Amino acid sequence: MLNFFSSNEILLQTIAVFSLLAFSVQISLRAGAFSLAGVGCWAIGGYSLAISDRHDMHPVIGVLIGIVVSAIISYLLALLLVRLRGLYLGMATIAFNQMVGIALIHGGDFTGGELGIYGIGARISTFQLFAVLALVSFLLWALERGMLGRAYNIVRDDEPLAASLGIDSESMRRFAFVLSGAVGGLAGALNAMMLGIVSPTDADFPVIVIALTMVIVGGYHSWLGALIGAALIQWLPIGLQSFGIEGMSEWWSVVYGLLILFIAVYMPRGLLGGLQRLGSLMARRHQDFREA
Amino acid sequence: MHQVIERDANREMIDMQSEPLLNVTDLTVNYDGVVALDHVSLTAPAGQLYGLIGPNGSGKSTFLAAISRHGKVTEGRLEFAGRDYTGEPAFVAARLGISRSFQTVRLQEDLSVLENAMVGADHHRITRPVIFNWLRLVRNRREEAECRETALSALERVGLVDYKDQFPSSLSYGMQRRVEIARCLASDPKLLLLDEPTAGMSPAETDDISELLMGLRDSGLTQILVAHDLSMIHAVTDHVFALNFGKLIAEGNSVDVANDPDVRKAYIGVADEE
Amino acid sequence: MSIPRKILLAGMVAGMLSASALSASAEDIDVAALVEQTGVVGYAGQSVWKGMQLAAEKVNESSRLGDYKLKIEIKDAASNPATTAALATQAAKSDAVAILGPALSSSALASAPIAQREKIPMIAVQSNTEGVVETGEYIYRLTAPFYTYNDLTFKHLADEGVKKVALSFISNIPSVAGLGKDFAPKWAKEYGMEIVASEGTPFNTTDFSTTIEKLVAAKPDAIGLYHIDTQLTGLITGLRRAGFEGKLFVYNINPSTLEAVGDAADGLLMSIDYSPAMSDPSSKEFTDSFRKKFDDDPTIYAANGYDAVLFLSAALEKVIKAGNKPDRENLLAAISEVAQTGFAGASGDTTFDDKYHRDARVNGVLVRFDKGKPNILFSGKDR
Amino acid sequence: MLYEQLIINAAVLGAVFTLFALGLSLTWGALDVLNLAHGATFVTSAWVATSVYSAYELPLASAMLVGILTGGMIGVVADLVAFKPIRLLITNKRQAELSMVAATIGMGFVLDRIIGRATLDQVFSFPARAFPYKDFHIFGARISNIEIIILVLTFLCAVLLNLWISRSRQGMAIRAIAYSAKIPPLLGIHVDRMSAATMAIGGMLAGLSGTLMTVWVSGMAVSTGHSFLLKGFAIVVLGGVGSIRGCVLAAFILAFAETGIVAFGAGNLRDLAAFSLIVLILLFRPQGLFGTRSAMRA
């Protein structure tokens, strides 16, 4: 077992870090704000850690700077984009991400230009990473249940109804936007420590596609869905190639694509939804069994 | 607690001087040229069940939208319990105590009947910023229990307690409306706005809803009911306002208003011979 | 499922498992190849892997490794630093004696520290960036950086009397931007030439009509196009159609791109570490065997993959000839010895840098294309 | 530099952007399908065209036609394999939209890898002799015959698509679908056949722009599809989802902005110009230039 853990340590760390990135997108999607600014904050968080590490600051300070800077930028962005809804908000945040990427390339020595920053000294242990993941998961769990859970459901599905119930949709969506940015910044900072490098392409469109895939395939209606989605999407490129099947190094991404397609079509509420339905099916069968 | 007001011929004698719950002055709404409401002024003291009638396109829904602040107000003043809330957004109006239902049933499909009612009961806690509600776990657990109690009592008042664990999609149209009313009640409103709640209902269901609304009025809840069904208006309302082409053409008890020449003309389209 | 079928299924599964165990005989030397087959540098990685396969076959056919067999297992690094780092960790914990690849700079920077920490020799290809070999003594790179031979082009341009040079380059790929912004202007000044225009554009740009206008308007004698192949087709054909008669030079162009551009590429200049037209015996051997095996002209990436395996095998041969066990420690020692002496590979005589002795250096050749065929003008040897 | 030349360059670039974005806007506007496999369809059609051209010695035009039909066929298969089942299985509109996005991401991976494996992600193209390039000179500026063809075809496609959607019966059906999938069955319109037709047209438009692009820049590769996809997504949103006119206008605005910044500013900031323009326009037009979220307008 120990060998399994040590040889897959980076994979486990990657799953933890990308779960946080998936959380960042899930938080805003769940609140009905189709924002992908979390990916831009992922890059901002990463660079904040890298730059503060270069100035010999303690990693925790680097992470905190990453979170705070991302939160502030997300707050300003939320104010700027308040009138945008749905895919128009999505596109505006994708444009923001691209501009973050361009700014990072042209940041001169401060951001390391086209190459970015490498050789980041700060390190993080797998245990610490999963502790952070557990903490953020708990915070999102608390946000999804009880009163706030119900309120966010309505803010997402039916704004006029929310207003008629005294819910200030705008401020709740803004809170989700800022939280999404902060978690994105945290994820980026941890990713920088795990990989030891940051580069301008961290905010690029392929990262957005991966983040969206993780959340939709996992089940965007809950943090657990984002976690499951991240685990699967990050494991597949490694896992599919580790069964020693001939030619998998060339064709794994076809299997990957087909799997995403299958889950998207035949699991309406993602993997989490599928598991829940399976759970309730089994519970019912167990019940029938007991009654029979 | 609430003075039970006998429902009889002399209801009109109620003292109108007490502070009106709702005071609307010169309310005008026009959508780039189209005048939907034209200087409507009216006052509605607390404790009564008001009817709002008028042919299609007379501005009933616009009026409801305006006083619940869901809709635009071009001119005029809106006061609720003495406070001017003309420029406020809809959620502030709701927080003042104005609760409303919509023409279409709006329930949360993935929440049970009880949870849908609990959303109303969240009313007073939702006013706190999100971050306060998020991190106070111990307090949340206690308040969640209170919220459940409030919701249960609201469901009791509408007679749906034993459906509390069902999902809205499995209920009849009439019952879904009752869940909506329970949700409104759970938020302990001062004024309840009902936008054609019985549209498309069977006579039996309409009578149930009528009974329910009268019961609520008797327990002191002020309501404004928008409806086409004049027989229901007669049965249920204490005071009626009639709109036509955005103007308030008559008000009074439902019988007088029904006989008012302008109202008959508005409905039938031709003035009957004198 | 009835009982018999269950047993049959279990039997089959057991059979499959045992079969794969048998094939890994005791005499194998396992090597992990983390080479991008997909993603943004998939175009390079897929050729690198073909070169590696060719070299492994030739090494195993010859008895240079005694009765050991070189067994290279390919994993797609997917042009993704996180995937590469995860694969590198797996390889380090497996019984592989060395890691070959990756090719993407950011992936190399992410996986080199892991190989160094886990003390497994790593031979990267391409990854034209600083910071790779500097990671530590376990990290080697088998592609000579562009700036070590691209000055040959400017030497040739000076000989041809070129005075004014315009440059177009990718602004957001580190090594290529370095060529366009820093080295090319430096060499131009050294050879008494003037840079009259310098246009940087992102690597995903596909429309160059306006950039071409600016380049031609500067009336240069020669234009440098430091771009990837998908951009070169538009640039080269566009410049010729815009009436530019002067010299064009690139840092690399692949056979398929040459074919797409046709005679617009006539006279195209390129300094490169390997070309099929090279006559060095080791280069010729690579070119001929590649053509025989793949019925296609080799790309520079295939040459890099071939050389990486050749370099590794030379070190393994030293270890085995000395009667030692081919493990990571002995292999590292042998690798640094081979790096001192250098070896002859697809890119001709390959030596290593003076500072770290872990970064490959080649002579490089200046090539001119006529009718789609490369011919060597001169080699870096006689610089 | 000749301003006339810059205007021509921008016009041709605008046309290339339009052709690619039209298909994306149609399927998105009518079926709420944000097709992230549109770039892969664009590349696959071009690859099929070039392979068929050299394998069967077909004339260029018919090879391109095969490519265009391939694009259409990919659209139909996508509809059968993913969008039709999603429409059946998923009632919640938001969940259906997101599931369709994920489905197209999956399809994009599959197509990218198949073409990537066949071409080793290298450049592929029609042989140089396949198309007789010829330049014309007007106002002292240069425009080649392929560029004129691109401009004409783009104009035709935009006008025809516009007419087809606003006038014809099928077009009305598509607008009905766009309004809400519940209405068409009531009017006896076969939703599945309509959506397959829409996806086919969207795919053919991707095929047309892919084959034309291969001739215009004498080459194509899987990576070209990715760079076009992001720009196409921006153009569709900028123009207002589902609006043909908005799509054309947004494509030309972006083309002129990029051409301008490359000509007068710095080429490496061309994307900055494009994306800051997008945010600016969305701030003033939250539904895009001509977009209305609910119904699709010609």
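Residue numbering begins at 1 within each chain, and the chains themselves are lettered A, B, C and D in the order written.
Following the convention adopted for this analysis, a contact is a pair of C-beta atoms (placed from the backbone, for glycine too) under 8 Å apart; a residue touches a chain by one contact, two chains touch by 3 or more.
All figures in this text were calculated on a predicted structure; none of them were measured in a lab.
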Looking at the contacts, which chains touch chain A and chain B alike? none
Geometric centre: closest chain by C-alpha means: A
Two candidates, A-D and A-C; the one with more touching C-beta pairs is A-D
With chain centres taken as the means of their Cα atoms, state the distance from chain A to chain D in Å. 29
Taking each chain's centre as the mean of its CA atoms, chain A sits from chain C at a distance in Å of 34
Inter-centroid spacing, chain D versus chain B (mean Cα positions, whole Å): 50
At what distance in angstrom does the C-alpha mean of chain C lie from that of chain B? 74
Of all the residues in chain B, which ones touch at least 2 other chains? none
Check each residue of chain C and list the ones that touch at least two other chains. 38, 171-172
Contacts with two or more other chains occur in chain A at residues 105, 157, 250, 253
Touch relationships between chains, expressed as pairs: A-B, A-C, A-D, C-D
Contacts from chain D onto chain C in the complex sit at residues 1-2, 5-6, 9-10, 12-13, 16, 112-113, 116, 119-125, 127-129, 133, 135, 142, 144, 213, 216-224, 226-228, 230, 258-259, 262-263, 266-268, 270-271
Of chain A, residues touching chain D in the complex: 29, 80-81, 83-88, 90-92, 94-96, 98-99, 102, 105-106, 156-157, 205-206, 209, 212-213, 216-217, 220, 250-251, 253-254, 256-266, 268-269
Contact footprint of chain C on chain A as seen in their complex: 3, 6-11, 14, 17-18, 105, 113-116, 118-119, 191, 194-197, 199-201, 234, 237-238, 241-242, 244, 249-250, 252-253
Within the complex, chain A is touched by chain B residues 68, 70, 89-91, 94-95, 99-100, 102, 106, 108, 110-111, 115, 118-120, 122-123, 125-127, 129-131, 133-135, 137, 140, 143-144, 147, 183, 187
Complex contact set, residues of chain C against chain D: 38, 40, 42-43, 46-47, 171-172, 199-202, 204-207, 209-211, 213-214, 217, 229-230, 232-234, 237-238, 241-242, 254, 256-257, 259-264
